[in-house]
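Presented sequentially are two complexes of chain A, the first with chain B as partner and the second with chain C.
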Partner chain A sequence: MTSVVGMPRALAYHDYFPFWEAFFDGFGVRLTASPPTNKALVHEGVRRAVDGTCFPVKILLGHVHWLIENGYTTIFLPRFVSVAPKEYICPKFMGLPDMVQATFGTKAKFLVPTIDLNLPKKCFYEQIQTLGSEFGCSPKQTKLAFRQGLEALRDYRDALLKGRWPANSNSQNADNNQPTLEVEGKKSLKVGLLGHSYLIYDDFANMHIVNKLQNMEVEVMTVDMLPDERIDAQSLAWPKRMFWTSGRRILGAAREYVEMRIPGIIYVTAFACGTDSLTAELVERTLRRESPIPQLILNLDEHTGEAGIVTRLEAFVDMLRWRINR
Partner chain B sequence: MKITFPHMGTAYIPFRALIQGVGYHAVVPPRCTQKTLALGTRHAPESACLPLKINIGNYLEAQQQGAEGILMAGGIGPCRFGFYGTVQKEILQDIGIALEMLIIEPPQQGWSAFINQLSYLTRKVTKGEIAQTLALTWAKFTACDRLEKESLKTRAYEATLGDTSRVLHHSLELVDQASSLQMVRQAVRTGLTSFKAVAKDLDREVLTVGVVGEIYTLLEPFANFYLEERLGELGVIVQRQVWFSEWILHHIVLSAFKKRRNGNLLRLAKPYLTHFVGGHGLETVAHTAAMAKTGADGIIHILPFTCMPEIVAQSILPEVSRDYQIPVLTLVVDEHSAEAGIHTRLEAFVDLLHNHKRAFQKASKGVETFGKKEMYPIA
Partner chain C sequence: MPDQESLCLGIDVGSVSTNLVLIDDHHNIVYKKYLRTQGQPIPVVQEGLASIEKTYPKMKIQAVGTTGSGRQLAGAIVGADVVKNEITAHAVAACCFQPDVQTVIEIGGQDSKIIILREGVVTDFAMNTVCAAGTGSFLDQQAARLGIPIEDFGEIALRSQNTVRIAGRCTVFAESDMIHKQQVGHSMADILAGLCGAMVRNYMNNVGKGKQIRPPVLFQGGVAANLGMRKALEEELNCPVVVPPAFDVMGALGAALIAKEQVEYSNQLTRFRGFGVSERSFQVDTFICSHCANHCEIVNISIEQELVARWGARCGRWNVKEKNSKYPHSDSAS
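Our next item is the complex of A and B:
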């Protein structure tokens, strides 16, 4: 069987790549990601998407295109239905492999395990075993690889929690231009970012917002830097338990930021994102009523101009500084 | 308390029966118009889907007519409809509208909470009255759907434009006024007889078009720019694939008891979409294949802009269209869509279907030597 498998560096990559990398490593398969998002790649994605598709899915199509163009014959594209009981990710994640296959046809072989923790755990393990047997792995070996994956995932999450940025904690394909954050906290101004990991960690998609903020001497917090217990506890304070995992984490983080008295909140969202259209609205309206914390909502897509983002970030940061010094 | 609810096609008829049956005064919002949508768009989040915006408009207009509470459904995802009520409540609070939101969460969220909600809402009436109300509501749901189905067949043949719609409105009004099961049955009988009596032009060359997509935009004529009426007038028998009564049966009654639903139909979607994606995404793909098999001339797929489940379906439909050699028109609607634009596209599509059909007939008679596939590549 193939010993190199490609994974698009988009959507679920940003949350789970270390897991899959270690898992595939467990039976001697190299999982390689496409390069960081760039303009040409987004262009290819936009060309292939139906209009009305959200920006992150367009980016994913671009990455899949890159993998196919660069000779990857096997592409790993798990179907993420649910990563926590009674929760979903997003309807598009559930149909993503089918959308991709309808777009690219049989140009590559797609490995599509279904991750659905709404079902009994047994079904999930079955999917993992099937994946292992694709590569001629014994159940025992697969189990070992799975454990290895979980360990890698735990390390990755710990690193995120400590304020490291993904590419630095990630052995493979490390980007040198990824910012590192000083958690020591000498900087006076802190800003909390809200948004899906695939926007926060994709520097091209978010127009290097983290770099830009750090250049303005702003310390940046993300949802992943908050402990899970706090997020879970805070997400229960909302009127209805949210059924989208990332949406629930964003809601929890928003309340946690308020409790931390963070000086400003920036919500990074993508045009046509269905889950954010309501999550951002809930955050915006509720926080505006309940706290004096200023919020900035940045809505990104392939038409976003960098100058517009810079102007808005600068104005926002100036305003935050002015409020603090007042 | 005076209770209102969002408009969704003819559903106001059974909803009115339901609310009045459990001892409240029902305020039916004025019919959806551009004003409704403008009101909703002003207050709703920009990138929310169209139904949420129209809902807000309905609430505000109903409040002017004295409504004090809103009956709304909840949900368990993954479609964002499950959060409509929660977000709408926040919006109304912010603009200072004192309307109480009564959100009914489905039993999958927990049976005890579900039963508590229902017993709170039905506290004014006895169990017997609840049973009667449910029976009447259900009868009205099926009656409305029955009459609408008949109108879709009749309209394509009507000799005088507008006859069918007149009969439909009249018989729906009778259903609305009916206060007993017998009266509902009588209204349906009267309606069906009147449809038969509509003067018809049976020589008309009619087409059969399946209409699939997102449920709200399918059911609410304002949201789809009176698509069914317009197509009927163009001589098209519309076969709408989603009906409110069937939706209730599948999604509320059967799914609460974890019963398998329409498995044979969904099997047709398997080669294209292997997992449910919320809303009617999977059904859209399955219905398109099923309609093609039964010999429909074309498919119209309608969805609100940014609808998540239907975007998945939209990405996949070109494949189904190619495999089954059936033309598909996708209509995406939002507050910027305009009637003239939609109607032009419908007319062009109907023209295309006529040509397609004639050419196919010729080809199959052997007049043309082209094979099907070479002649009509549907890219």
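Our next item is the complex of A and C:
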């Protein structure tokens, strides 16, 4: 049986890789991710994508291509439908394994368990057991591996909550977890990011927004740095429950940022993102009406010219400092 | 004459025009120059410097600031004290001209922006997103298609009696709509006024969306020269729209003001290389780094073979060594 399985470093990777890594490790399989997104990889993804898909999906195709080119014969690509009862994931995630298999055919074997927590829990455990038995694992062993995965996931989320960045990110290093930057003559400035983890943690896709802000002596917060209880409570304050998990967390975080009186909010979105077309608009309109906190929406796509992003970020930070120093 | 005086220089290198402004101690513009960039920012900046030197041979420069999409390049070749984004520069200049300004509408060649200020502080801003339909190039193209000089555009539009409605969502749609209106016999004036209206609607939908536009409203940028646009804006906003006398060089004015403040505040000498810059030869060469899969497009700027600035890399691999890096990079994309 295969002992090395590849996972594309894209989309769900950013939320769940530590879980799967520990899970596979539980029965002696090494789960390896493709390298951090780069230009060549994006190029390959864009070439293969049908037009009309969003940038993050194109990035994923590039990662799958890399894995195949680099000799991975088994690729792990779970079908995410729902990760919480009565909530869903972006519909593109559901069709993703089909899209990938239609593009790459039989060049590799794809492991595609369905993650749907909207169904009874039994169905989810069945998927996990099937995955284990693929590698000749007993039900008991699989169960242990599953627990191991959950533990790793909890550790990962705790680390994010404490303000550490995922290891693959070039941004503020995990070890270099300094408190607030107090720079002479400049009051420390905090900015809250909103957006999907696969944009926030993919430095190439977001054109190093986090690095750029940190170089301007701005302390950056993400949705994952807010406690789940706060996000859950705040997401209930919206008139209607948001049924996409990521969108719900973004809405919750937006209100929490307002309550924290964070000086500025930056919403990072990908051009043609279906769920953000609702979420970003809701956040923008509501916050504009209900709070004086400035917001900036950055729309990312395949372009590599950074001038537009830099101008907007600089102007935004100038504006925040100007306001604070008053 | 300000011959002996020390003045501050602001340079705005935009996609369409490059502007240079000199201000005195009282923030008055003593000199301004509007040049077409024509895709050659370095010779154009050199030309601008040469003409300043010719006019004021003995003048001393106290501080230099650059702005606009070519701010980094311009900053590297002249030795700028401040390299500032154009939003901040326009806001600072607008405040200087009219301290109680609440809205700044700026329409340039390839971008358009709105800046909302309250009590002299920027509280909100927006720039056009993916589409350039609400910018000067749109008017430029349509004027060229109708065979009229862009300078006459506004005056002709003002003569309109019955403005026709033209679709403004996209230049392609606008053009087909406009041809149709021509074919059925509408006058040139009515069509031009219609174009102004279309562009203002597009601007409001795209850039001005959700913004609290309150008077006093300043209208700046190259397109503010167009009287038809000003009128269309006034009709849309239902309030007077003020075009400052220096509307076409407001970015450069802002850069000069910011540089002046910065140099005075830090009590440092300017980094300006001197007017000799206009005669020195600059080389720009680019290469694609093949060290990793990112294939960054690296740009080298050298003066007479000596490397003075470099950018384009995503990592620190190509950073210019300390002895050469006396240029303001903190504020730039490098």
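Convention: the second predicted complex is superposed on the first by the 305 of 326 C-alpha atoms of A that agree within 3 Å, B and C clash if a C-alpha of one lies under 4 Å from a C-alpha of the other, contacts with A are read in each partner's own complex, and residues count from 1 in each chain.
Just so it is clear, contacts are C-beta pairs under 8 Å (C-beta built on N, C-alpha and C of every residue); 3 or more make two chains touch, one makes a residue touch a chain.
Source: prediction; values computed, not measured.
S.K.: Could you tell me whether chain B and chain C fit or clash when both sit on chain A in the superposition?
M.R.: In the arrangement built by aligning on chain A, the partners chain C and chain B fit side by side.
S.K.: Look at A:M242 in the shared chain and tell me whether it touches chain B only, chain C only, both, or neither; answer first, second, both or neither.
M.R.: first
S.K.: How many degrees apart are chain B and chain C as seen from chain A, counting from C-alpha centres and rounding to the nearest 10?
M.R.: Result: 80 degrees at the vertex chain A.
S.K.: Is A:F271 touching anything from chain B or chain C once the two structures are fitted on A? First, second, both or neither.
M.R.: In the superposition, A:F271 contacts both chain B and chain C.
S.K.: Going by the contact rule set out at the top, does A:T53 touch chain B (first), chain C (second), both, or neither?
M.R.: The first partner, chain B, only.
S.K.: Looking at A:H65 after the superposition, I want to know if it touches chain B, chain C, both of them or none. Which is it: first, second, both, neither?
M.R.: A:H65 contacts neither chain B nor chain C.
S.K.: Counting residues of chain A touched by each partner, does chain B or chain C come out ahead?
M.R.: B
S.K.: Tell me which partner A:H196 touches in the superposition: chain B (first), chain C (second), both or neither.
M.R.: Neither partner.
S.K.: Once chain A of both complexes is superposed, is A:H208 in touch with chain B (first), chain C (second), both, or neither?
M.R.: Touch status of A:H208: second partner only.
S.K.: Just chain B (first), just chain C (second), both, or neither: which does A:N38 touch?
M.R.: In the superposed model, A:N38 contacts chain C only, not chain B.
S.K.: Just chain B (first), just chain C (second), both, or neither: which does A:E314 touch?
M.R.: After superposition on chain A, A:E314 lies in contact with chain C alone.
S.K.: With the two structures laid over each other on chain A, which partner does A:R255 touch: chain B (first), chain C (second), both, or neither?
M.R.: neither
S.K.: Please work out how little space separates the C-alpha atoms of chain B and chain C at their nearest point after superposition, in whole Å.
M.R.: The answer is 5 Å, the least C-alpha separation in the overlay.
S.K.: Can you list the residues of chain A that meet both chain B and chain C?
M.R.: In the superposed arrangement, which is not itself an observed complex, chain A uses residues 271, 285, 299 for both chain B and chain C.
S.K.: Any idea which chain A residues touch chain C in the complex?
M.R.: 35, 38-41, 204, 208, 215, 271, 284-285, 288, 292, 294, 299, 301, 304, 306-308, 310-312, 314-316, 318-319, 322-323, 326
S.K.: Could you please specify the touching residues of chain A with respect to chain B in the complex?
M.R.: Per the touch definition, chain A meets chain B at residues 49-54, 79, 81, 86-92, 94-99, 102-103, 114, 239-240, 242-244, 271-278, 280-282, 285-286, 289, 299.
S.K.: Quick check: in the complex, which residue numbers of chain C touch chain A?
M.R.: 69, 84-88, 119, 121-125, 127, 129-130, 210, 292-297, 314, 330-333
S.K.: Residue numbers of chain B touching chain A in their complex, please.
M.R.: For chain B paired with chain A, touching residues are 45-49, 74, 76-80, 82-84, 86-87, 89-91, 93-94, 272-279, 281, 305-309, 311-316, 318-319, 332.
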